[in-house]
Amino acid sequence: MKVTVHRRAHFNAAHRLYRPDWTFEKNEDIFGKCNNPNFHGHNYELIASVTGEIDPETGYVIDVKILKDLIKSEVEDAFDHKNLNVEVPEFKDLNPTAENIAVIIYNKLKAKLESKFQLEITLYETPRNFVTYSGK
Amino acid sequence: MKVTVHRRAHFNAAHRLYRPDWTFEKNEDIFGKCNNPNFHGHNYELIASVTGEIDPETGYVIDVKILKDLIKSEVEDAFDHKNLNVEVPEFKDLNPTAENIAVIIYNKLKAKLESKFQLEITLYETPRNFVTYSGK
Amino acid sequence: MKVTVHRRAHFNAAHRLYRPDWTFEKNEDIFGKCNNPNFHGHNYELIASVTGEIDPETGYVIDVKILKDLIKSEVEDAFDHKNLNVEVPEFKDLNPTAENIAVIIYNKLKAKLESKFQLEITLYETPRNFVTYSGK
Amino acid sequence: MKVTVHRRAHFNAAHRLYRPDWTFEKNEDIFGKCNNPNFHGHNYELIASVTGEIDPETGYVIDVKILKDLIKSEVEDAFDHKNLNVEVPEFKDLNPTAENIAVIIYNKLKAKLESKFQLEITLYETPRNFVTYSGK
Amino acid sequence: MKVTVHRRAHFNAAHRLYRPDWTFEKNEDIFGKCNNPNFHGHNYELIASVTGEIDPETGYVIDVKILKDLIKSEVEDAFDHKNLNVEVPEFKDLNPTAENIAVIIYNKLKAKLESKFQLEITLYETPRNFVTYSGK
Amino acid sequence: MKVTVHRRAHFNAAHRLYRPDWTFEKNEDIFGKCNNPNFHGHNYELIASVTGEIDPETGYVIDVKILKDLIKSEVEDAFDHKNLNVEVPEFKDLNPTAENIAVIIYNKLKAKLESKFQLEITLYETPRNFVTYSGK
């Protein structure tokens, strides 16, 4: 019996959307006010969804505490109260759009989860804008 | 890398569930208080979910502004503060159940989106009742 | 020890904002799209807040079941799935703005509550627009 | 046209996570504070999602009232304000983890739904921890 | 300039509403299914609201971290994953209604806060039932 | 009859909590990770609550459209997608704590509202941390 276990977490961060190889005007045209060179920020809400078989001994797919600790060490400690462009190595050469942040979080968590699990990441940039990525 | 971008929107509308070719009694039997001939209404919450490849240049699947504007012109301008049965042509001969409204919204947005995108519509009639349609 | 007990409820209704003694143009000017003669509607969310002393015997200010039943008989049965302008006597000559609906609900519930209780009504017309009235 | 109809419901219950065939120490090690022999509890939020074809006559996949009544008789009446370990027969020999509760709810509702429908259960143990099961 | 700083927290607990000096029938009559001798439970959501002057040096009324730590030591460590009737001394002889739990939380936090602050406690037993207490 | 009309809005911004006249170490000690010199950010949620008499002619205390437009011009246009420390004049010499942001928003809106209205500002920095200010 395959069940998906979801864990919600959050982090607050500053970011700016732009490409350093583009002119300011082109960045302004494509990214609008998200291109503010002084940065803006968000309360990111994250749902990490792990799919696997129920362990008949414990009744768990995965102990939520393990998932919670993994999110803390891989995501919250790395991103919370940070400037994503300036301080998070993964975004040194990668535009921190919600799409790209979700892919990075997926890759970081997937590498630490047992390979038997499937993973899906849902990332809310605001309550109205959010993205989903499942490694496909 | 396929990512789904979700955009939330809303509109307020009046509607009535009934079939003009049925007796009032049969409509009352099937649709209950939703058959009120004087109409009732809802705050509809909409999530439009667009799936596609991340554009490596921008880091976007789709610019959310494009999606937001499309929802405004196709859905909000057409449905908001309207009487769905009386004023929205698509429901002249179609019962405005949540299921049918979701299908209509899907068809309207799909026709305007680039064909490379997949679309899913989630429509909340109330916080407790909602539907999902993805063109299948 | 004075404690406030809050109970949340909801109802769905159609309405139109206008004054029959004004021209259509003046109504359009003041009430905009809320003046749609074919009506629009909302999922109204209601919080009824009752303040009083804790009964030392039960530990209750008021049994929430009593409050829930009162909201059902006075508000839900009267307003839910109704057209406020056409079917609810209190709005025959009173514009069903959120402010006026809150006052009517306050008056209906206050009349049925023991006089020792204070009452406050919070009414959400949408998640972004809401009003509060406490009989002052 | 296949649409999914979702209905949200809730119930409050006490539970304890443990295996009677394990020592208290092993239970404490695996289930932590969820192993409290005096029980703890949750407000469980449930979403039952039914997928099927839209009936062209009514515009419904399933009348939400049928789904609501089914959830009431099969889930709310059986679990609400109960001690899951002590009073719910399905958990006499089954650890009431969120995963296992979701599977039991799936089995109970699936048995009563017309076989043409697919079902998915989402169960929130807390706003931060939830699970999904669809019979696979 | 007086500002109120609100901090939200939560805990999960089991409880039973009854008076040991009443017959089971009288308890059943007054407390209904909340009188289940095997207990039921809730996800309690707490908002602690502290009012005071803004410190012109820091711009804080109170460092939210101090408030968060106080809620952890006084409320979460004492109530979370506990059976309120059996394991929390304050409810040995006090019925754990939402009203009484709010008063106890108020008293515990007030005793540890600097006396210059006013305190208000909002406690959600469920999303639909909640209480407020401010020491009056 | 005095009613309070509430309007919800939001803006996203970057900020840093610190005093330029303190050493980095003292700022770190008082403001912790909020002192990050590269900034972090939030989705701020705002509720502006205006209290006044119901106008018997319209049934409005204040046309919500007026309030919405005022919040847009005074708050959203000034703060949204901005770095509060660097780009918003009011915080050139004022630490942008939630408390201080609420006071600034209060002062800006109060100056533009008719003097007969009372105003209260609720500002969410995160869903768990929020403040209230009403000019007292």
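Quick notes on this structure:
By written order: A, B, C, D, E and F. Residues from 1 in each chain.
Methods note: contacts are C-beta pairs under 8 Å (C-beta built on N, C-alpha and C of every residue); 3 or more make two chains touch, one makes a residue touch a chain.
All of these numbers come straight from a predicted model, not from anything done at the bench.
With contact taken as defined at the outset, subunit C and subunit E are each touched by F. Centroid analysis (C-alpha atoms only) places C farthest from subunit A. Comparing the centres of all chains, each the average of its CA atoms, the largest separation from subunit F belongs to D.
Of all residue numbers used at the contact between subunit A and subunit B, under half are used by both chains, marking a mostly different-residue interface.
Same interface as C-E, judged by over half of the contact pairs sharing residue numbers, among the pairs D-E, E-F or B-C: E-F.
Centre-to-centre separation of subunit A and subunit D, using mean CA positions: 29 Å. Subunit A and subunit C have Cα centroids separated by 42 Å. Residues of subunit D in contact with two or more other chains: 127. Taken as a graph of touching chains, this assembly fits none of the simple shapes: it is neither a line, a ring, a star nor a complete graph. Chain pairs that touch one another are A-B, A-D, A-F, B-C, B-D, C-E, C-F, D-E, E-F.
In the complex of the two chains, the subunit A residues touching subunit F come out as 10, 12-15, 33-34, 36, 38-43, 80-83, 86-87, 126-127.
For subunit C in complex with subunit F, the touching residues are 17, 19, 30-32, 94-100, 102-103, 127-133, 136.
Looking at the complex, you find that subunit D touches subunit B at residues 1-9, 49, 54, 57-61, 63-65.
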